[in-house]
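The same chain A turns up in both complexes below, where it pairs with chain B and then with chain C.
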Partner chain A sequence: MFRRTTAERLAPYALVAPAVLIIVVLRLYPLVLGVNFSFTGDGERDGTAVGLDNYAVLFGDPLFLGALRNVGLLVLLLPVAVAIPGLLATFIYLRVPGHRFFRGAYFFPAVLSPVIVGAVFNLLLAFDGPVNAVLGTVGLGPVDWLGDPDVAIYAVVGVHVWATFGMALVVFLAGFATLDSSLLDAARIDGASLPRVIWHVIVPGLSRTIQFVVVTTMIGMLTSMFGLLYVMTGGGPGGTTYLPEYYIWIQQGQMNRPALASAASTVLFLVMVVVGLLQISVLRRSGRAD
Partner chain B sequence: MRRALWTVVLASALTLAGCGSASGPGSSSGGGADSLVVWDWKSGDDAAAAYVEAAKADFAEKHPDITVEFVAQPFDQYYTLLGAAIQAGKGPDVMLFNGGGQLRDRVDALVPLDSHVAEDRDRLVGWDAFSKDGRTYAAPVTLQGHPIYYNRKLYERAGLDPDSPPATWSDFVGGCATIMAKTGTKCLALGNKEGIGIQFFLSGLGSGALTGQEYDDWIAGKRDWTSPDVQRIFELWTETDGAGLNNDAANSTAMFNDSFALFSSGKAAHVIGLMSDVGHWKDFGEFLDPGDIGVMRAPVITPGATPSLPYDGGIGYAVARWTADPALAADLVRSLTARDALAVFHADAGAIAADTTIDVSKAGPAVTEIVAGIETGKPALHVALSSQTLDLMGRLSQQLLSGSVTVDEALRQLAASDREG
Partner chain C sequence: MSVSRVSRWVVAVPMAALAVATIYPLVFTTNVALKTRHEYVLDRLSPAGSPRLDNLATAWHSVGMARYFANSLIVVTCAVALLLVIGSMAGFALGRLRFRGSRVLFLGCLAALFVPFQVIMVPLARTMTTLGLIDTHPGLVLAYVAQFLPFTIFLMASYYAHVPTEIVDAARIDGNTLFGVYRRIMLPLGTPALISVGILNALFCWNDVLIALLMMPSARNRTLMVGVTSLRGQYSDDIPTFAAGVLIAAVPVLMIYLFFQRHIAEGVTAGSTKG
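Coming up: the complex of A and B.
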């Protein structure tokens, strides 16, 4: 009797052990190692403890501060990046003409590698490229999309949103599947206009899905724009399109300063934790209000 | 079910294909007593096949019982793989290096070759890039530098004499105005998207701006960023762009290969290019008639400056410290830099070989002009800078073009970075 309860008590631990071990050994332990490494030096001071020196270098480096400012910009642009797939998914859900075609067409860029997307848009956005040619026919001056320091970051973010919104769209469509269609019918019978239906029925009904998309889109923006940046601007012009992950790669791979790169990674990790927690708490509160 | 199966098969195949390129042919490391292993990133190219054969044949004559194996590594991972080999203390017997920092950072793992290559000392040039503290660690195969190429046909169309390119900066700017007015092309092809346009500009024009003393001091590490002559180069960088001499949107034009394509396609009259590998006479000669490609010295910007060809040792072969018989491996290095092998490399791969006695007359007037400049040439200015300073210079050069930093401020930051690094 006693033995059986012990086995029963231990069983859950045994069952979760593999998962916990994998997370601890392959995720948490390297994370701790990386943080620890960020307190050591590079080059001649390799391996010696330098305290917070790397962090002092980081926050004295205008390039890294610029990269952090760009993170702030991404957070501000986040609602746009979420609203686009949300709206398009709504149209598909409401069965606009050709919705089957659009469902496939919208998802298509999500299967392309960032390098290919970047190369295609390099051609489209070239100073003498087709986009400027089209602008020229309607009398608008050419824009140096990737060479103007005030424009380049928006061009890259725009391309990133184009390339990745398909995945969020699919998540939204899955969310719609759980939406109670009788609510929509009721709203229609009451004569509600489309914007009101979206605002009062669809958005509250999808609050969980929106929450998920907001968090994953933010993580995507912060951690998977490297390929696009590498191909489209190389962090330029003048460092205006740097993001922390690009900075990490340059310091690690090009400048041979891995400890500084670890410090930057730690900062990026903390930024993501803070941004993620903030988003979840804000969205929870708004979810409760409804 | 069947569909799911195919999906899985396809996905795994794609994953495996992705892995294949990364794992690479790194299996063979370290030759035994009767074999030598060479690591490089060139021998996989078709263009280098005849060179490898020639070097092997030369070596086989001297050591018929030794087999030589070439292992071509992907260039983007080359120094990472080499670093792992050095950490482990075993790997190839002979390896290819870029001149300068890549080699100097790793001399602890290399055998000094001075006594082995004494006979080649006078025949080859470019040794400095492979030396540290008075010792030589690799024998040069090619030279790399930054000649100013010009399109002789555009000169003719503009009514300028292609046989006497401008010798002073004011002549150059005047000629540019004529070319742009008469042919509708741009004067200078400039790609600064990667931030390396400034490196070519600094090194390509530097010998016309710095006095001989300033130039030698710069290379020796005594760099005066406040000197008016240094300042002049960075002022010209912004002035040429402001005056419309460059192609449009230099900051979003990739040097590799969009700016070179502008020159090759006759849309720009000049470009500061390379001597070997890419962006050079052979690449341009595929689109332009080789006879139409001219090479000029830097125009004199500061009176009294003596323009020279900026170049350094490009690539060269070194011998690993862990090799069983250093003399044998050094013999292989000598075969890899033998005159006949280098002659083949020059012709097939399109490189300026380190052996200047090779007949280059078939490659056109540009190569003849480049080779003629080697004797009086000097190391390129930007090669002397640390990678940190070069990275900063790239960003500042983009900011200079977009007007978000002044020349004074840029030079102040560069001086600070140069002091640190």
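Coming up: the complex of A and C.
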């Protein structure tokens, strides 16, 4: 319908060119480069092919195995981390007294940097800090939150959930906005109890939202706890709070072993791909069920 | 639904307690920042006797917080501006126009969305060193743009996909080039989405610590968040000054939260309700 000049035909490509250039050079190419890099050596063997040596070192390193164990722990805690904001969003949707205020208050920590959150909780969870002081008044503790190898990882994950549940809550509330309210009304007329309504109406109605929250929460746990670990525990005590991302940073930034770090990166990427594929298969199945 | 008045209040009480738990930590930090060292050692929880701003002044002047603040401000401003321009151009092209290869390019951008920074940080640091961009402001800006561009494109594309084709066609008939359509129509039309995406990107960049740590090794180039991580060691025996530094770093984000809460929530949820 228009007579287009060559320049006009190329215009869409000009519009996307800067974006494509940046993404290819600084996101996709490094991925390939990194996988390649993980099969070369560090230090004296820099640049030479070493086969799977880095991976052998990796899976013989108690710190990395500990990091993977902690990933397993995160997966186990995932249902809790999704259920808490889901339940709170349900109550806010049902207009519990003060729901507007709760929404704002719960979302508030989500905008803070993990560095700020970690620094604040360093003070709160210190051995002689206020949390232990409060516990002391009811005859509990004191707990060495960040110094006890059996407790520290739970403390850090707990702080991460504190800082991020508001994000998932807001996503749940957006999902509720798309929920067919006539179903809820029908359940109300039938006199269904709240747990039954949640299980039979809300969970099926929000299946897409729940999947979205599950995946984003998992990705968040795997890739956005660095700041907390860096500020709160530095991987300690005794290496018990390592996660793959922290291990990568230590090997790259502190130990000067970039090839080993690349191997850890590749393993982390494979973990993320598995999470992604599981998500797709769940999506497909629920798609058929619709 | 059979939720009686009473049971609503039964739920509201623990929810209120949780709300206190989300707000109190920052109230505590603010209170500590206003205390003297002596007051803090005597009693951590009591309200500051005579609130004083000395600690804030000390934190601001003595450890280079002012410099770190400026570094962060420059880098975040440049990164967000670039993200909005490049992201809206690509979002318009990929979300509204059909051209050979557009679908593949869009999928490529989506794929990049699932490559976390931790996976590419080692080779990226090498590439940046080769390009002479490590430890420079432009280098960090570029790293942020690369990190948050896929998300920006995704959101802008799904926003522009809802713009009726007739608007584009009409503008073309009026003699606009494609760039003219972008500049005169799509940019102004995209303002609400640009505000949401811009604020979110500003938060992401301002709050980041890993990318800044990797890209800016030298102390004078630290961003504010990296600066905060170094405060603890310097003020391990002066917690009120440490708390003051933390508070200074949190204030810009608190401002953004207070004024733009709705926009942030919109940006966060934009990806969840589509598709």
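The rule we apply is simple: the second predicted complex is superposed on the first by the 252 of 290 C-alpha atoms of A that agree within 3 Å, B and C clash if a C-alpha of one lies under 4 Å from a C-alpha of the other, contacts with A are read in each partner's own complex, and residues count from 1 in each chain.
Criterion: a contact is a pair of C-beta atoms (placed from the backbone, for glycine too) under 8 Å apart; a residue touches a chain by one contact, two chains touch by 3 or more.
What you see is a predicted model, and the numbers here were worked out from it, not measured in a lab.
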item	value
Clash or fit (per the criteria above) of chain B with chain C on chain A	clash
Chain B versus chain C as contact partner of A:P237, first or second or both or neither	first
Partner, of chain C and chain B, that touches more residues belonging to chain A	C
Partner chain(s) touched by A:W162 [first = chain B, second = chain C, both, neither]	second
Partner chain in contact with A:I250 - chain B first, chain C second, else both or neither	first
First, second, both or neither for A:G147, with chain B first and chain C second	first
Which superposed partner A:T40 touches (first chain B, second chain C, both, neither)	neither
Segment of chain C that clashes with chain B, given the candidates 73-81, 145-153, 163-171 or 181-189	73-81
Doubly contacted chain A residues - partners chain C and chain B	122
Chain A-facing residues of chain C, complex	1-3, 7-9, 11-12, 15-16, 18-19, 21-23, 25-26, 28-29, 32, 44-45, 86-87, 89-90, 92-94, 97, 99, 102, 105, 108-109, 111-112, 114-127, 142-143, 145-146, 149-150, 153, 172-173, 177-179, 182, 203, 206-210, 213-214, 225, 228-229, 231-232, 239, 242-243, 246, 249-250, 253-254, 256-257, 261, 264-265, 268-269, 271-273
Contact footprint of chain A on chain B as seen in their complex	193-195, 248-254, 387-388, 391, 394-396, 398-399, 401-402, 404-405
Of chain A, residues touching chain C in the complex	2, 7-8, 11-16, 18-20, 22-31, 33-34, 37, 88, 91, 94, 96-98, 101-102, 104-109, 111-116, 119-124, 129-130, 133, 162, 166-167, 170-171, 173-175, 177-178, 184, 187-188, 191-194, 197, 208-209, 212-213, 219, 222-223, 226-227, 230-231, 244-245, 248-249, 252-253, 258, 261-262, 265-266, 268-269, 272, 276
Footprint of chain B on chain A - complex, ascending	63, 122, 126-128, 142, 144-149, 152, 233-239, 250, 254-256
